[in-house]
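Two complexes come next, and they have one chain in common, chain A, joined by chain B in the first and chain C in the second.
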Partner chain A sequence: MKPAIAITGGPGGFLRRFRNNIACLRYEPTILVAVVLTLLLTYLVLVPLGSMLLDTIRVTLKDSATTGMERGSFTTYFLQRTLASRVSRVLFWRPLLRTLLVSFFVALIAIPLGALMAWLTIRTDLPGRRFVSSVMVIPYMLPSWTFAVAWLNLLKNRRMGGAPGILENLGFIPPNWLSYGPLPIIVCEALHLFPFAFLLFGNALRSVDIQLEESARVLGAKRSVITRRIILPLLKPALMSALLLTVSRVLGSFGTPYLLGSVVKYHLLPTALYNSFKVGSPGVAAVIASATILIGVLLVTVDTWFVREFKRYITMGGKGAMKRTTPLGGWRIPAGGLAALVVFIAVVLPLGTIILSSVTMQAGVIKPGNFTMAFWVGKEIPAMPGQNGVFFNKEILLAALNSLRIAGFAALIAGLSGLMVGYIVVKLPNTAIATFLRQVSFLPYLVPSIGFAAACLSFFAVARGPIPSLYGTIFLLVLVMSMKYLPFAARSGIAAMMQVGNEGEEAARICGASWLTRIRRIVVPIQKHALLTGIVLPFITGMKEQSLVIMLASPGTEVLTTQILRYIEYGYSQLANATVLTIVALIFGLTFALERITGGNLASGFGGSN
Partner chain B sequence: MKKFILAGLMLVMALAMSAAQSAAFNLDELVKAAQKEGELTAYFTSSRIKDVGANFEKKYGIKVKGTKMADPEQAERIIREVDAKNVQVDVIGFEDGGLLEGKLIPDGYVTSWVPPDLKNSISPADQNPLVFLWQPRIFGFNTDSYGPTTPVTNVWQMTEPKWKGKIIIRDPAMTPANLAFFAALTADPKPLADAYKDLYGKNLVTKEANAGWEFLKRLFMNDIIVMKSDGDIGDAVGAAGQKDAPIGFYTMTKQRDNEVKNLKLATVQGMKPFMGYALPTYALLVKNAPHPNAAKLFIHYLLSDGHSPWTVNDMGGFSSNTGAPAHKDNEGTWNVWQPKLVRLDNKVALKLRQDILDFWLENSGN
Partner chain C sequence: MATIELKHVDRTYGGGVKAVDDLSITIESGHFVSLLGPSGCGKTTTLRMIAGLDAPDGGEILLDGKTLYSKREGLVVPTEKRGMGLVFQSYALWPHMTVAQNVAFGLEMKGMERKAKILRVGEVLELMHIASLEKRYPAQLSGGQQQRVALARMLAVSPDVLLLDEPLSNLDAKLRLEMRVELKRLHETLGNTVIYVTHDQLEAMTMSTKIAVMNEGKLQQYSAPMEIYQKPANLTVASFVGNPPMNLVRKNGSAGRSGEPAWDLGILDCFAGPKAGARTIGVRPEDILLIRPGSRPTHSGEAAYWIRRARVETVLPTGSEWIVGMETGGVRFFASARDEPCCLDAGEVDMAVPIASLHVFCEDDTRMKLS
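Take a look at the complex of A and B:
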């Protein structure tokens, strides 16, 4: 059926077309929905980003106070100050360089480690490989900053205030380079990200037909040649994706460099952006945010290019593929030991220190008599004025409620609008409006979380026309989060709608069903599964979101992840750790519940942001 | 046009109200009006707002939602809240005098209000804007490491290799009062130049503009450590049993934790030419606040209660109410303290803050 909408013009005057369109709208409001969605996305995504770009050359009130320039006037001062002044090295260039450096080393650790673990669990007879492969995704399910919190529990020294770390309590005082700065940031980010490489390479390895290797071997190729000439080229797309993803993750993640870098003045771009914002120079912050967005766009462009380039590798032939595992022989035990070590370092150790810290009276001092449940169920904890244990702590309970509400509504909005974007893209193929929707709904993916938050904050903080200022409201967090997660929902929405034919809806239409009835009785039931995943995944991601909300949360709209940072800053390390565990418990609970409902393996779907 | 009329009307009303109030201030009426408003939201730079708020609630039955918040964040919020006409906060305790006198007061975001019945007990210099609390922010050391007397008698010693990586201050980028302190040093460099000569027996030769800048440069480049709060600094410096504890720059109130947290903090009594600076905390009313009377009552309470922290001369804190009794651990009255401390000048602070901040960024190894 040809869509009943004459959107691409044709003969007939404007008026006739218009009248025709109105008539069509009554039966087919798809176009109306498309227009509304377009307007909404423009206002919620395009305009804030544009406004922030404008802020790089426009004087805001805060800057007018410190620089003496008139509010609203235009200037190149901020660009100059950030990019070419005596402080630009400190404000921008050094953090940029460090971001690239850290990304490089994170990739250098995470990718080989992930690839190795993937190979061991998929292609060899590693002892306990099923267990290893299911545990391996846990670090990725944990919020990225969990590792930084664990690192501090274990290794912080006197350079940072508050309670000493576990090792210092045991008599070993870690040197600064071990406690803070590039090394811990790289290790923590790598531990969080290697499961992603593990999943990517796992999928790639599974699709490589082992017959390719066997043919080569029959032809007399050595192992090293097979690896170099066959396996590695086939894994190249996975490698590139993993590499680019690592950089874009480091570019957008705030918690880890904030917790581990600030103490020794080691700033990455996200923390540099946050600092400029905190110091009260929004102009400079806008320049840095724009730069991170630019880099983000660049990365995704390169990634897209690679994906297109490598499409010609078809690894699944028509012939039956064979799967065979390589026996490890004498290496079986060492390899098993290595896998156990990785599990220990990436899962047991971080979670262990966090649990330990949350039940010790003097944080991290392991001796009988020092264990307590006060930070869980206690009331009026000594030396922490007005604080109760997690279950009786009003601040934490409010933050938990906020987290649930914000992530919940955001996920609902993202999931539904994602499905609608999919619906429109599929129903109105090759129209300008569909292309526009597809691209704009993808745009937030390019923008690092903290940059997107900065843009939305500066735009929505001011009353505009009939829309009041959203500053300090939960609504602001919901909006920003739902737009940030829209790309994933829209992608899965488009994919899901593509698979459904038009017949069902057409039949219903012939029977006289209205559009709403069709959506409610046909589209939603068919897409139940996709919708559920499209809502629950952003919900889980939202629960652990920190980079996106750190600048938006305020007293009253504090969420669990920002509350943790406040506790760490107050030196309430046990409460911080107990709150981390609360989030982890919520995430695990939700994930397993969803897995039970959908019967799928969700771990691989953990995209989201940081 | 409408806006102007409205603004004019509001101005007239405000003038009329303030005239009426100063003519006949009645505390009981203020209490009644405040109690009708029910609750109060306060942003203060110190976590003590929670204790003081609880005491205030006990006395007047008005709940205080108090949040500890640093100056830049407070300023950000107030500007946004007032501009958005969605004001949450009623009263603030603020330390960034430069921003206050340069922007927030002239542009009407906040107003200074002195309780009329207390006008005579507060020094005129502290009334505009209203200071409710003075604290010495001082250099302090660990007595377990260095014994009871100060290991540094001249500020220039802190720029020597012996103290490399062992001086802790609050991050100046986030602590406007520290920027104001540095600005004051560069604006009046003579004491530093003299102290240099005292210590090294020769005149200071410098490429910087004066001894103030040179001192800052050497101090910053000595791998100076930054922390986010005075509490963190007090803990890091004062932890018992340390061998070579660092020197910290914190508000003297932290020394009250010596007993509770088993800290070994002591002030660098006798260090020349200064031991630190006099840090004022201003109390201000926020424009269009939802609970204006409760806010006024709270300010009145801060200056008159005589029991709560802040409202008496507490360890390390001096009420600006000159009638408040002295505290035994304060090593003297506020009059004894003032000559040992640098006095901040809000106009100088505002003028120099960007330069100082840039100088800090350039030289502190960020």
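Take a look at the complex of A and C:
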């Protein structure tokens, strides 16, 4: 038992103090890790966002060439042009209005549908309710743009070019309003989003104790009164969350409006932003991106406020939380039919058209003799010069490799940083640095994907100091994706660390274990499931990410999801569909594997941004 | 040898809360010292500072005269190098390691070779009577077993100083008694210095060789258990130690704590010694003799008694003793007796207290020395 630091010298000598502090850091470097992480997050999250906000009033290189204003000077020109000029209607206001309109109708379909399905599967004797409720999360796991691809498979007409859809081949030529524009966008988004409402209402319904209803019945309330005065008020928080989530999802999703709206120039904010970035002025794009961020922040703020407001609504699922179902009686068969129809439209039909489409020689023509495996294993596909089937296709394989690499590294970075944020929050509670890390790691959640991508693109595309321009590199995609997924990873990291607490590591300190030993032998093994989940979930989300990568991908850094868009633009719809299936298979395989390993139900933990 | 000295140790948390306030205490080698006090009194903080998990804001901590922490010299010996043992309230067993692996960890950190390690682990598990559990994981153990593993893990490295942070508070009453016996036995066999944090006076009283009573970050009294009980240094100690607590009455006219009625302390006249400055009188429940109104205590001999009439409010038999609640002069008194008091049916009794058993406290709430 001897003091570790035997440095001679006068008491209180600066050198001695300093050396002692350094020596202590070796044993307890948490603060060092926290400082590094803080600097990193500041640079990767705060600075790009701030820089983009600044770009709304600052002239960029490209804009200085087109407008003749001096680069770097400040102006309100872009704000005026986007918000109050002759073109602002087209640039901003119409897409905004349409976004809100689409969100409204999506919510109108998705929320009642999700709530109804939740009620049917949880509170009634619906035939096959277990099956229905497990299948119901599939549309949620599918990438949102899957539905748009399936819609085109089924209902595409000649306008878009390329092969027409299945219905047109069967002799029914869909009118434009059915093939493109608001209606298909609304339906596709609603089909993707109603499982959100299903899960939210399901959880809420499960937490409502049946005794609450029974108390009302004992006091003489009728069924309708109980529903109106007891159940519905208790579901209000779920309703608000579902509503806000719907708007925020529509605001952040790019693929669906791009595939179904662009042909008829029906633009929502994400596609308008994309267009401004690709062909228009960076200043205008910055204004639109800032607007989406503003709306995103607003939505989350309102949601947080509601959650807090409704805290007093939290129902205690005490011992008496019995499960009791309402018999549907004569409605049992029609209700079962409805559930089957929903499963068919939301799961079977889209996946079916995609599978079909990937194995038909002439796209969308269903007749014997037209089936082929060429798009999977063929070489030199006729009518598609230079294209092989998925398994031999250089473009697809490169995109797949990119997807795996990008999502993989991003997930690794997000998962590890998330856990580190959790570690620091638990180790240094109530410190400014922990609060800062917690809040900054949450910030990307407020920002719609495409807005975040825009911010990072404009910041990292230019060489800054020692860091070269990252445009066209995989590195850029990895950085952006890891930061965008950090909120999920950090939240689960904090929860996991909180749950386990600090004492396990302290016990190891007492035993004389160094920091690295503690991390290696105590912290990581204890948190291995949390770590695995924190990495695999962002990985899965990353594999299907489109909104975030669409602006960042360039030739050579195309990923599977952007490659699909290219193929659809070329009219190679079978290849596109085969690629979609590849992604879907990867997602389901990984999810299944993760569920088997961690023993948890991940469906409710899914939080993709597209 | 392991003597721990704390000199003027301070610890202030964010928001200016003084968790530990100018604490000076010497814990002699081989002693079993309890830090006793209500929650938030700074006892756990003190323990964590000794362990090195928390750094003081000022003062010095020494182990056998060697500095572990010194504000003046800017010196901190990290936890890892202090070579102490600490058992947490939550046990903090590593859930991914078996019992044997948990116990072996500290030995591995010391670089002990495999054979010796296995031997030592077996020895310690034997000592704690848990040899049969070595292959199990913590989740497969009961609370009492986890407790034993947590102790074994720390005892394995034979620390000179063993720190225990409310180790028994998560056990049920029966197990707690069993573990108290066990801890006392261990201390007597191993002879290391033990610092034991608890808010349970029974634990402190039964196991310790010395108790340090703390309140609001300050050391109130540091003495042997019976001394703490029989001669509490101040009102805080007097009211915290003892169950049912000491009956306290305040002198007329002095500012009492809110809600406490002031009382005529005519009994002070019983004392021959100095009375100036006396403010509060304390009576232990078991020192109160309940007698029929107007009678004299039997076997009173030549002892002087203070006698006062009281109205019986409630009788609480616990099985081993009788606790009687009474009211007199606006103050509730509790008396406890081993045998059923004889005279409760009348609704009124006389409380008789030997003058020698009275505790008197000065205006600054410290114990008054009476000649």
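As a working rule, the second predicted complex is superposed on the first by the 581 of 610 C-alpha atoms of A that agree within 3 Å, B and C clash if a C-alpha of one lies under 4 Å from a C-alpha of the other, contacts with A are read in each partner's own complex, and residues count from 1 in each chain.
Going forward, a contact is a pair of C-beta atoms (placed from the backbone, for glycine too) under 8 Å apart; a residue touches a chain by one contact, two chains touch by 3 or more.
What you see is a predicted model, and the numbers here were worked out from it, not measured in a lab.
Of the two partner chains, chain C is the only one touched by A:430; chain B is not.
Shared-chain residue A:556: touches chain B; no touch with chain C. In the superposed pair of complexes, A:352 makes contact with neither chain B nor chain C. Contact with chain C, but none with chain B, is seen for A:511 once the two complexes are overlaid on the shared chain. Of the two partner chains placed by superposition, only chain C is touched by A:526; chain B is not.
When the shared chain is aligned, chain C comes close enough to touch A:17, but chain B does not.
Of the two partner chains, chain B is the only one touched by A:87; chain C is not. Interface residues of chain A, counted against chain B in their complex, comprise 61-62, 65-67, 86-87, 90-91, 94, 158-162, 164, 263, 265, 267, 275, 278-280, 383, 385-386, 461-463, 468-469, 471-472, 554-556, 569-571.
Listing the residues of chain B that touch chain A in their complex gives 43, 47, 50-51, 54, 65, 67, 69, 72-73, 75-77, 79-81, 83-86, 88, 99, 102-103, 173-174, 225-229, 231-236, 239, 242, 246, 260-261, 353-354, 357-358, 361-362, 364-366. Contacts from chain A toward chain C in the complex involve residues 1-5, 11-13, 16-17, 20-21, 23-24, 27-28, 430-431, 501, 503-504, 506-514, 517, 521-522, 525-526, 528.
The part of chain C that touches chain A in the complex is made up of residues 2, 14, 51-53, 63-64, 66-68, 70, 72-86, 88, 90, 92-96, 105-106, 109-110, 153-154, 157, 160.
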